[in-house]
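Have a look at this one.
Each chain carries a letter (A, B, C, D and E) given by its place in the written order, and its residues are counted from 1.
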Amino acid sequence: MLIAKVIGTTVSTIKDEKLTGRKLMILRQTDEKGEPTGKPFVAIDTVNAGVGELVLTAAGSSARQTTITKDCPVDTVIMAVIDSLEVDGQLTFVKS
Amino acid sequence: MLIAKVIGTTVSTIKDEKLTGRKLMILRQTDEKGEPTGKPFVAIDTVNAGVGELVLTAAGSSARQTTITKDCPVDTVIMAVIDSLEVDGQLTFVKS
Amino acid sequence: MLIAKVIGTTVSTIKDEKLTGRKLMILRQTDEKGEPTGKPFVAIDTVNAGVGELVLTAAGSSARQTTITKDCPVDTVIMAVIDSLEVDGQLTFVKS
Amino acid sequence: MLIAKVIGTTVSTIKDEKLTGRKLMILRQTDEKGEPTGKPFVAIDTVNAGVGELVLTAAGSSARQTTITKDCPVDTVIMAVIDSLEVDGQLTFVKS
Amino acid sequence: MLIAKVIGTTVSTIKDEKLTGRKLMILRQTDEKGEPTGKPFVAIDTVNAGVGELVLTAAGSSARQTTITKDCPVDTVIMAVIDSLEVDGQLTFVKS
């Protein structure tokens, strides 16, 4: 899984019918302090994550293992909101 | 999923029989403003996307979760046309 | 899928029994003009592609969706020979 | 699989219900000497790995092939703790 | 699939029970001449490959399509030992 920051949202009218009502968020991968380091990508939200929050994402067929994404043509899912990250005994991120 | 721009099309006569009648588009990944940043790749179109449009693509086994791509030897699908992208409260892309 | 150029072949005597009789080609990813840009990789050929030809490849579980690769331990398949590529209304590659 | 070093832990209250009680560790890929070389990523621990240990990780659908991760929306699993690594006849890492 | 060189071995006592008795080799991707170019990774050996040999590896769910790896939490398998590689009509590698 990747640590990622939710940076925005997408709007799409023409889409696969299984995506109706799904929230498609824009994210960027972050380092262990929550600082964005990667290119933007899009994931389906299953935990009501908000813009600005740090989350965990699962990719591939694993992205379809939630009740919201089952059998959907989606390859990345937000399945956890991160409260805190600890590296080598130090807190490197705490949700504000 | 990736945000990608449709930049072209492919023509292929000799191909797996399951690909008959499928539209194979050439795309490039973009950033959150819709500017192409990545190498070209190819995806099956399931939403009548046109050259020049910004779309979402799903990869891997997830690409086979549409009625058009079921059981096909394809690993990337266009499953949504993007109307707009919003990052940090600002519109960064609007379909013209 | 990737646009790739077939650059060579592999010979292997000791291999998984499901690979017996399969053609394992060496390829390199190309740009939209057919110019090689990536590292070499290997794919199973299902469309009698020849060295020097431009092809499409599918990766992951999608590579096992052909009659030749079903249940095989292979993660990349050549499933189409490219006749031509068109980008922004211009032909960028035509099979000679 | 990747050789990776466990560098920390994540805490998450809001998450997919299948993740309840699972340990989500932060790791970085290492070289063959156990020196971290890659970006941080997150994996489910199935072998009681501790921070500082070198482990093996499996990704994709393979990450769901353990009793702990079956049907979970997770794409990376720690499934072995590394005792030692040997390259070209020389020990390059020994667990202390 | 990737062309890779077997460079070493791993030893692991604490591991998923399905890995018992399996050989976990350390490899590096190579170019078409057999020269290592990539970071080390680990694969299950199914063809008795030795250190120093050039092999083919399959990744993802395809890695579980051999009798040795079925249902195992492993994402990369060695499923062929390479005898020779030929590029543009020239032998670029011959097993010694």
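Just so we're on the same page, a residue touches a chain if its C-beta (ideal position, glycine included) is under 8 Å from a C-beta of that chain, and two chains touch if they have at least 3 such contacts.
All of these numbers come straight from a predicted model, not from anything done at the bench.
Engineer: State which chains count as neighbours of subunit A and simultaneously of subunit E.
Structural biologist: D
Engineer: What rotation angle, rounded to the nearest 5 degrees, superposes the C-alpha atoms of subunit C onto those of its identical copy subunit E?
Structural biologist: Here the rotation carrying subunit C onto subunit E measures out at 70 degrees.
Engineer: Round to the nearest whole Å and give the separation of the Cα centres of subunit A and subunit C.
Structural biologist: Centre separation, subunit A to subunit C: 32 Å.
Engineer: Counting in whole Å, what is the centre-to-centre distance of subunit A and subunit D, each centre being its mean C-alpha position?
Structural biologist: Taking the mean C-alpha position of each chain, the two centres sit 20 Å apart.
Engineer: Check each residue of subunit A and list the ones that touch at least two other chains.
Structural biologist: Where subunit A meets two or more other chains at a single residue, that happens at 59-61, 63.
Engineer: Follow the ring of contacts from subunit D, passing to subunit E on the first step, and record the chains in turn.
Structural biologist: If we begin at subunit D and move toward subunit E, the chains come in the order D, E, C, B, A.
Engineer: In the complex of these two chains, what residues of subunit D are touching subunit A?
Structural biologist: For subunit D paired with subunit A, touching residues are 7-16, 18-19, 24, 26, 39-43, 51, 59-61, 63-64, 71-76.
Engineer: Which positions of subunit E touch subunit C when the two form their complex?
Structural biologist: 1-3, 29, 31-32, 37-38, 46-48, 56, 58-63, 65-66, 69, 77, 79-89, 92
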